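Labels run A, B, C and D following the written order; every chain starts at residue 1.
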C-alpha cells in the first residue's frame, strides 16, 4: 500500500502515523519527493482500513498495490480455469452456449424451447423458476414447480440446467440443478455467496448493475474462499446514463476479467439490451471480445408468433445466430 | 399505458395487437396522429409485460401512465406518514438525528459514543453488528454480541437502536431492535423485503447504489404490501463517474421522494462521501433540502485521537454540527 | 406529443392548458383514463418547450412521440448513406479501416506508420495535428506543420487523411484534408457544427463522453441541416462508474444508430479503452456488432520497441488484427 | 509519480524502463516490496505521458502524486480568491445571488424580471442572449440584440450582467458584459478557454455534464495560465442514471472544490434539476453546502401565470427563497 502525505506535514505527525502503522504489523518505507512524502507500506495491508487512513488530516491519498483477491487472481493461477457445468466444460478454450426462456411457464413451453435450442447446438438450458421482480405485484416464477419442469426438459434433451437461486433458504430445492445462477441484484448478497462457497455446484455469478470488475472478483472470492472454486463470471450490462437500451453492455469486461482472473467469462446480451432485436449484434460482439460463452433468451411466445415480422429471438433466429457465433469463435481463437 | 406504433404500421398488424391487448382484459383507445398512431390502454396495465410489448416490431415506444406503486404513493396517501422509531416520531414535521459508530466494537466504545451523541441531542443510536464487506477477509461485525452491546447502550442512554439486518435467517436475533436497517446492497433482495413486510418493526430502507427513486419506492412497496407500513427511506449516495467522493449524494432525492410518496426521507452523508471532513457540509445540505432526519457516523477512534487535528467526526464535532442542523431546520420549516 | 395530467386536475385548469396549446397551433385530443387524463398533441410539437409544459403544476409527465431529428432519420431515409471519404466509400456495405498515430510527431514517424498501415490494408490515415488536452501545459500538437506532414504522408501512400478540427477559425487550414473529425468534447459545440454544415467535406462526428445517441444524432442534424450530408458517426466510449478502462465502449450504439439513422457508424476502440492491450478484442467486437469501420491508433514508439513484449499496438500487431477483422466482417455480412 | 511494476518483472526490463525515465529527466527511487516493485519518480512528472507508461507490459499501475494544476491550486494559494463581478465581490466570505430569465426575450420581459430580482436582493442579473440548443431547429437566442437588452436592464437596475459566450468570434460583442459565462458543453472547449485567459473579465465556468472536479480545475487552469485569474466555478448537475431530474446536482463538489482550490464556487439549481418546483430545496441545500453564491432562473411567463398554482419560480417565489437562503448562509458562516 502506498500512502502519500500532504505537503508540509510536520515531522511529529508523520512519526506518529508511522508508529501506528508499524504497530499494526507493517514495515514502512519512507520516500521523500520534491513536494511530498510517500510511505510504502510493506506487509499484509489487507488488514488495514484504507478508508480510515485516507480520512486522516495529513494524508493526501492512499492506493493499494496488491489486489485484495487471491483465489480468483490470475497472478496466482496463471492457467485458465475450466468449470464443469453438468459435464459441459466452460473456459480454457471451451466455449458454451446457454439458451432458454426467461421464465419457465409450462411443460409444453419449456420442452418446445429446450428441444429447439438443443437442435441449434446449445450446450446448456437456462430458465427462471424464481424470478427477481422490481414489483411485488408481478409474477415471480413457478418456483419448485418450475425446477421440476426444468428437470423434465433435461431428461428429454440431455441439456444440463442453469437457474437462479435468490433465497438461501431454497438451496435444498436446487440439489438437482447443474449450475446455480446468482443474479445481478444478489452479486453483493454476501451471506448468500458465503453459503454457496460450501456447496459443490458451479456458480454462474452475474455482475451487479453498478459494480466494478474488482467488486465482481471480490464476490467470486467470497464463493471460492469457502472452497467452491467452480465460478463462471457473467457480464450482463451496467447502469449508465444511456437511455436507449435497458443497460449498457460493457464488453471490455471480457478481456479485463481474463487479464485479472483465470475464471471463465460469459456474456448475457439479452438482459443487457432488453431489446431482442439487438441481441444478435451483441452476441456476436461478445464472442468476438473473447467470451467463453453466451447466455441468450429464446422463447416461442404467442404474441411474437402473432406479429410475424417481429424482431424477437425465436428458435429459428437463435439457430441462425448460433452458426455465426461459431464462425466468429473460430476466427478469434485461430 | 400508452403504446406508440411505428409510422406505416399496417392495419392488420395493428388490429392483431389490439385484439391481443383486449384479450388481456384491457380497453384500447385509438388516437391517430399526423405521423403515428397512439394506443391508450385503459385497465390494470400493471399486469402487462411492458418489455414484451416494447419489443414488438410495430411498436415505437411504450410508457406507463400510472405509477406501479400504491401503498407508498402520495397520490393515495396525501398526508405525511409519521413512523414511530422506538417511540421517536420520524416524518410529518418530526426531524430525527441518528448517530453512532460504523461498527460496534467494544462495550466501552459503544457506551462512550452513545453517551456523547445523546448529550449532543441525538434521537436514535446507530451501530453495525452485521457488516456487509466487499472482501470475505474483512471483519464482518460482532454479530449477536454486537446486538447485545447495542442493547446495553440503549439501556444506559434511553436511545432506541437502529442496526442492519443482512440475512433473513438472523431475524429472530433482531426481535429487540427498534429499527431494522436494510442496506444499499440489499435494496433489491426481494425475499428479504417480503419477510420484513410481515414483521412489526419500522424498516430503514437505503437506496441502492444504482437504483432510481422509483425502484426505491417499489422496494418500499414490497415491505408495505406485506402489511408493514413503517418504512423510512434513506438517500446515501449513488454511483457515478465522479471520483473524489466514494459516492455522489443525490439530494434532489429528498424533495422528489416527498413529492412521490408520503414516507419519511432521511439522508446519510457519511456513507455518501466516505470522507468525514465533508460530512458537516453534506449534513447541513441534507437538512436544507428538506430531509426528515440525518444518519451520521460518529466515532472516537484512537488513530483520530492520535492525529489531533484530524477532520474526522468526533463527538465534539458532531455536537457542533447538530446545533447548526437544528438552526437550518428551523429556517426550512418556518 | 403526449401530456399526462395529474389525477384530480380541475376542469378549469385543464381547459386553460388546452386553450394555450391550441393557441400555439396544436390540435389536442383528450383521452380520459380510469385514473388520469391524457392529452394527445397533434401538430408540430417541436415548437413547444417540453420542459416548460412538464413543469406545470397540473402536468404529471410529457413524452415526445416523434423524433426531433429529420435529416439523419432513417424513417425518412430508409437507404444506407454511403459517405465518400476522400474517394473511399464508408457505409452501406462498405467497411473502412482508419489507422494512424494519436499525434503527428515527425515526418519520419508519420511516414513510417502510414506505410505500415497501408501495407496492412488500411483505407484511411488518421493523425492528430491539433490535440485537445485536459491540461494547458501538455503538448497540443504540431498544428499547421502537422497538417503538412499528413499531406506528405498522403502523397507518399495514397491514403486519404482524417484529422481533428478544434477551432472553427482554423477551418481554412483544413481545405486540403479529406475528412474533418469533430472530437468528443466538441460534439455539442453548436457553432462549430453549424459552420461544418456549410463545408463540402465529410465530417467524422465522435459521440461525446456523456451524450445519448439521440443527442449524437441531433448534432449530426446540425451539420446536415446546413446542407452537408456527409456525416460519419463514431462511438468512442462513454463515461461511467467503471474504473478499469478509460471509458466504457458502448457497442450497442452500433445497431441502435443503424436503426435510428441511415448514416455510417464506426468504432474507435483505442480511445474507448485507453489500454492498447484491450484494443484487439474491442476492435473485433466492434466489427462483430456491425460497425461500418474502425479507427485504431498505431504507433512505433521507442519505449514500446524498448520493452519488446509490450502489448501495445505496433504495426505488426495492427496487421494481424486487420486480418481477423476482415474475417469477422465476412461472417457478419454473410 | 508512482509506478508499480508487475510481480515477476525481470531485472533487465526494469532496468530499461528506469533508464528511459532517467533519460526523460526524472530521478527514480526504487522500493522493493514483498510482492512488487514500486518506482517513485521524482522530478516534473507532468511532462511524462502517464497513459503511455501505464500501457507498458511490465507496469501494473501508475498514479500521480502531485496535482497537475497550479494556478488554481489551494496548496499554492491558501487564501480564498475574491472575484470582482462588475464590482460585486464573490468568494472569500462574500455571497452573491445571480438571478434572471433563461433567455432574454423582450425589453419588457428582461426589465420586469430584473427589477423584481433586484427588489428581492439579487446581486447580479443573468440572461441568455446566445443559447446552446440540442436541436438546430430551436430558438437560439436574440444574440447581439439580447446583449443590448441586458445592458438596458443593467442601466435601469444597476445590476451587473452575466451572460454566456459560445463562440470566440463573438468576443467583441461581449466587451461591455460584466461576467462571461462558459457553459457546461464548452467546459473543455480549450481554444475558447485559452482566449478567455487573455481577456480582463471574470469568467463563470460551469462544470461539464460528465467532468470530474479535477477536469473542471484543469479548465480553470487554462484560463488562469493565460493571465486571467478571475474565475468563478459553478456546479450545475452531472449526468447519471438517475432519471427523475434532468441532471444530478453534486453538492459535494462545493466543499471538495473549496478544499482543492481557492476559487469561489457557486451552484445553479435550476439547470441541475430542470424542474422549477425542486429549485428552492436545492438552492437552500447549495448554500448549506457552503456555496459562495447561487444562480437561479426567474421568469414571469404567461403560461405560469395562467396556471396560478404552478410551482415555477416566479419573482415572488424567488423573493421568499432569497430570504431563506440569507438565513441559512448566516447559520453556515456563524
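Assume a residue touches a chain if its C-beta (ideal position, glycine included) is under 8 Å from a C-beta of that chain, and two chains touch if they have at least 3 such contacts.
Predicted, not measured: the structure shown is a model, and the values here were computed from it.
Overlaying the C-alpha trace of chain A on that of chain B calls for a turn of 180°, given as a multiple of 5. Between the interfaces A-C and A-D, more contacting C-beta pairs are found at A-C. Chain centres here are Cα averages; for chain A and chain B they lie 26 Å apart.
A straight line joining the Cα centres of chain A and chain D is 38 Å long. Distance between chain centres (mean CA atoms), chain A to chain C: 30 Å.
Listed for chain B are residues 210, 238-241, 243, 277, each touching two or more other chains. Residues 210, 212-214, 238, 240-245, 248-252, 254-256, 259, 272-273, 277-278, 281-282, 284-290, 324, 327-328, 331-332, 334 of chain B are the ones that touch chain D when the two sit in their complex. Chain C makes touch with chain D in their complex at residues 13, 16-17, 20, 46, 51-52, 54-58, 68-69, 132-138, 140, 166-169, 185-186, 188-191, 193-194, 208-210, 215, 218, 221-222, 225-226, 238-239, 246, 274-277, 301, 303-304, 306-307, 309-312. For chain D in complex with chain A, the touching residues are 2, 4, 7, 29, 31, 33-36, 38, 40, 42-43, 60-61, 63, 65-66, 75, 239-241, 243.
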